[in-house]
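Notes for the one structure printed next.
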Amino acid sequence: MAGYFTNILGGAKSLVVGLSITQRQFFKKPITLQYPWESLEMTPRYRGHIQLIKNAESGTHQCISCGMCEKSCPSDCITIKGEKQEGVKGKVLVKYELDFTKCSLCGQCIANCKPGAIEFSREYNLASTRKEDFHYDLLKRLKEQK
Amino acid sequence: MNKENVIQELQALAAEGMADQPEVASVAAVAGPAGEEEAKPQTAIPPEPRRNGVLEVDYAVRGVHVDVQIQGDQVVRAAQILDEAGMTLEAITGVDWINDQELEVVYDYSYTGGSCFRVVVRARISRHEPTIPTVSGVFPGANWHERETFDFFGIHFEGHPQLEYLLLPEDCDFHPLLKDFKGC
Amino acid sequence: MDLGINVFEMVIYLVGFIAFAAANAAYLVWVERKGAAHIQRRTGPKEVGPYGLLQPLADGAKLMSKQFIIPAGVDRPLFILAPILTMVPAIMIFVTIPFSETILARDFNIGLLMILAFASVNVLALLMGGWASRNKYAVISAARVVSQNIAYEIPMLIIVITIVLISGSMNLTEIVAGQAGGILHWNLLPTNGNFLGPITFIIFFICSLAETNRAPFDLGEAESELIAGFHTEYSSMGFGLFFMGEYANIVIAAALTTILFLGGWYSPLPESIPYAGASSVVWFLVKMYLLIWLVVLIRWTYPRVTLWSLLNLSWKILIPFSLFNLLASAGLVKLLG
Amino acid sequence: MSSQPLSQNQERFELNLGPQHPATHGVLRVKLLMDGEYIVDAEPVLGYIHRMHELMGENRSWAQYLPNMGRLDYLSALSYNLGYVELVEKMAGIEVPERAEYIRVITTEMNRISSHLLWFGAFVLDLGGFTPLLYAFDDREQILDLLEAVTGSRLTYCYYLFGGCYNDVEDDFLSGCLAFVKRLRTRLPMYHNLVTKNVILRQRLEGVGPVSAEMCRKYGATGPVLRGSGINYDLRKNEPYSIYPELDFDVPVYPEGDSMARFMVRMDEMEQCLRIIEQAIAKIPEGPVMAEKVPKMIKPAAGDYYHAVEAARGTFAIRAVSDGANQAYRMKLRSPTFSNLSLFQEASRGMLLADGLAFMGSLDLVIPEIDR
């Protein structure tokens, strides 16, 4: 019989404690971010789609068209083409296409890139209704980059 | 649990299986081929099918302590031995050795009651008529694992209470992990 | 009495109460959403109007402009009748509630009885809605609602009888009048003569939560088990009426609790203090909305009970306590009165 | 529950729970045979998010299979990453620098906490309490921010490489982790006051869904389900890997076997994770995070290899069969919730629907991991 009453009292106490916690939280400031009006800066290591790194001095990329990124990609996202050109040692990159719809951002391409020519971009708010909008021409992108 | 007892019982079981197969019964499989296998040249050819028997393999390399190969119809006996020893069935899976025209059914057992002890039991069955008795009578948890193996390899588990597709759609007619599966 | 004036007054009150009920239902949704958001450290609706104040209107417009889907195979008459039947009794009850000495539509001698009678219609509506939907989740929900409401009507009625014993009337105005003279005279406190006042109040409050199907007793809705319970199949204003009915019932439960336990329109301070001590409708609304806030806070704090613990609570704890309470109060009234 | 199901000859009906249902946390379907509110039989139907990860393992090189690991159990992806890289390191004999091991343990444990926090919120949501979910998300968000700064992703991590980690961590991350440890230590008592001690929650969990140790053994259940049934089995202790033997932590075990025991195991496990993180940060050495010599093409010796790690939900094991090539001949993924869920059918017989769903929640299901 005593257990019956202590159960009720203990239960009631736990309920009151719960109420006091939520009521206290009610008076605290919201912690959410109102997305369209505010947004976060992406961290330096954020993994967006890959892009060619622009060399500040030469104004171009470091790619030697070795094809390691293409080979290492688990999902065949990358298509590159290098050509022999007159007066230039090694191959010259003429096409670097990324199919971002298939990419899983594993970073194998970057880990396997010997000259360190590619990096993750910090773009995250990508949206489109067309698949083709995510087929990137990274060379073109590099040219447009300021 | 007495590990030595379990190993002895499994050895006895495997020896019975070898008696059924006169061509392998003459050779006692006690050497540690774990080392042998590693020494083999690295080729794309799958290793030769192993003889039935119990091997104590290098845990640090293989991740298991005891490797047992038995006849297909002995898996229930093996499950009973390991069940009595208090072990858990962790997973069932298959491997398609298409070059030998054989399917291997692999049972992973582990011990959850104390020090780590892992036993793998494997049985090779014909690829053309893949049937093997179910161990779901001993370990009810095998039910889903066997259904999954049926999905992927088409191995028929005799006596299984509900051998239907588990992960694949119920109307599919292929077994994707067979090596001659070419997409659907 | 002049019949013409009487009818005119009746219409004014009726329109007023319908408007009050609808506005309350709409803005309690806003309070619930905003309150829940701040309890959870979010901001809640904020885009439609300042502080999202126009959100209920937007929601209402959306609900009204949607198609009222009647699924194939449902019991059409019951399916359509059910949402209406949740809303009508709720508005009827408002007629009897005295918001102050002057603001009341009809001063019934048996006001309390009428409220309880109409409140029981609600469960019928939920049963009809759940049954007519031809949805298994809705049927389970309907069965739950019925057993829950029956179980909680018993302790609630016993408590109401206790109050009637103490105040000696079933007229709501007289029950409030009996609590005049500051907080110490409220039925809530033992100082009013009934030493079991607080327990009476708590039992009544729990019962009113259960009767209005509010969390933690929202077994009928139980969104993580039964999708949306009895209104799973309802869309458009069918759903809207269920929704409004739920909030109207909360207002009624809070108003009734205010009348029975918190001294209605009387100030908690003695009447000798100017302004703050005066009785007015403001005090009534303050008490009522504080109770409603408690109901909201409870919803966003506790997990849901199961059917058995719900029934256990009623039969094993609330009913014995309320019966003992009734006996003790009757004895006290006999001794002191 | 003291009450028993109604008699057999009452009318029964079938109820399809899912594949879209709020309580199944994903595309799980459960075929229920109901007797009023009682579950007579519950048969989970799987495969709605089956992606044949095992076949992918046979078609990709060892390194290319890395991103798949983040997509099995997306809530504790790093445990899976760890299990896979350790297996391949074992096969290829790659030594991992000590700093990388510490980073792996710190990030894995952070991930484990985030997984348990999400389970905690979602579980209370199953029981009808909405608010703790948002509080748990608040804390989880801090972890995701920290992990994002290191791994670059928030959910489907692909951070470990064979022989180390993708990149080093900064001191900011370590101090951030310590700050988080401090923060969660103040938040956990709040959770206990708000949720664990709540009488309604206790009534819903205590004695509900009892799973005996024997049943766990027969079904191969592991992780918190097994530890909630009184078996002290945690691969971090029983089959130590990485640097766990150097760290001092306890394995919470509750003998009751009911939903409350499983709840408490996970809540206590979070505290132990905090201890692990603290010690690992105190001990972390300087040095490289990648092994010097990692072969470009990994060609392990032929044979089969088994490796098991303790993921947030139990034993995650991989059986890889190699034929000496750069890709697996067979890759078997043994996921913990697959076995944990398989006991649902037997254990849920005779339960109330609400209790059945609470029981299912206490198993902590992640459907992509079950379906693979």
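For reference, chains read A, B, C and D in written order, and residue numbers begin at 1 within each chain.
We adopt the following convention: a contact is a pair of C-beta atoms (placed from the backbone, for glycine too) under 8 Å apart; a residue touches a chain by one contact, two chains touch by 3 or more.
Small disclaimer: the values here were computed from a predicted structure and weren't measured.
Novice: Both subunit B and subunit C are touched by which chains?
Specialist: D
Novice: Between chain pairs B-D and A-D, which one is joined by a greater number of C-beta pairs in contact?
Specialist: Counting C-beta pairs in contact, B-D comes out ahead.
Novice: Using each chain's Cα centroid, which is most distant from the centroid of subunit C?
Specialist: Comparing chain centres, B lies farthest from subunit C.
Novice: Between subunit B and subunit D, what is the gap in Å from one C-alpha centre to the other?
Specialist: Chain centres of subunit B and subunit D, defined by C-alpha means, are spaced 27 Å apart.
Novice: Could you put a whole-Å number on the gap between the CA centroids of subunit A and subunit D?
Specialist: Taking the average C-alpha coordinate of subunit A and of subunit D, the gap between them is 24 Å.
Novice: If you average the Cα atoms of subunit A and of subunit B to get two centres, how far apart are those centres in Å?
Specialist: Centre-to-centre distance between subunit A and subunit B: 42 Å.
Novice: Centre to centre, by mean C-alpha position, how many angstrom separate subunit A and subunit C?
Specialist: The mean C-alpha positions of subunit A and subunit C differ by 51 Å.
Novice: By the touch rule stated above, which residues of subunit C touch at least two different other chains?
Specialist: In subunit C, residues 39-42, 300-302 touch at least two other chains, as defined above.
Novice: Two or more other chains in contact with one residue: find those residues in subunit A.
Specialist: Residues 15, 18, 21-22, 25, 31.
Novice: Name the touching chain pairs, would you?
Specialist: Contact pairs between chains: A-C, A-D, B-D, C-D.
Novice: Can you tell me which positions in subunit D touch subunit B when the two form their complex?
Specialist: 46-47, 50, 52, 54-55, 58, 87, 90, 216-222, 226, 231, 233, 238-239, 299, 301-308, 315, 317, 319, 321, 323-325, 329-330, 332, 334, 338-339, 342-343, 346, 371-372
Novice: Flag every residue of subunit A that touches subunit D in the complex, lowest number first.
Specialist: By the definition above, subunit A touches subunit D via 10-12, 14-15, 17-18, 21-22, 25, 31, 43-47, 72-74, 104-108, 111-112, 120.
Novice: Okay, in this complex, where on subunit D does subunit C touch?
Specialist: 1, 3, 13, 15, 21-23, 34, 36-37, 124-131, 134-135, 138, 194-195, 198, 200-201, 203-204, 352-355, 357
Novice: If we count contacts the way the header does, which residues on subunit B are in touch with subunit D in the complex?
Specialist: 34, 37-38, 40-47, 60-64, 86-91, 93, 95-96, 106, 108, 110, 112-116, 118, 120, 139-141, 143-145, 148, 152, 165-169, 176-177
Novice: Would you pull the subunit C residues touching subunit D in the complex into a rising list?
Specialist: Going through subunit C, the ones touching subunit D are 36, 39-42, 136-137, 140, 143-144, 215-216, 218, 222-225, 227, 300-309.
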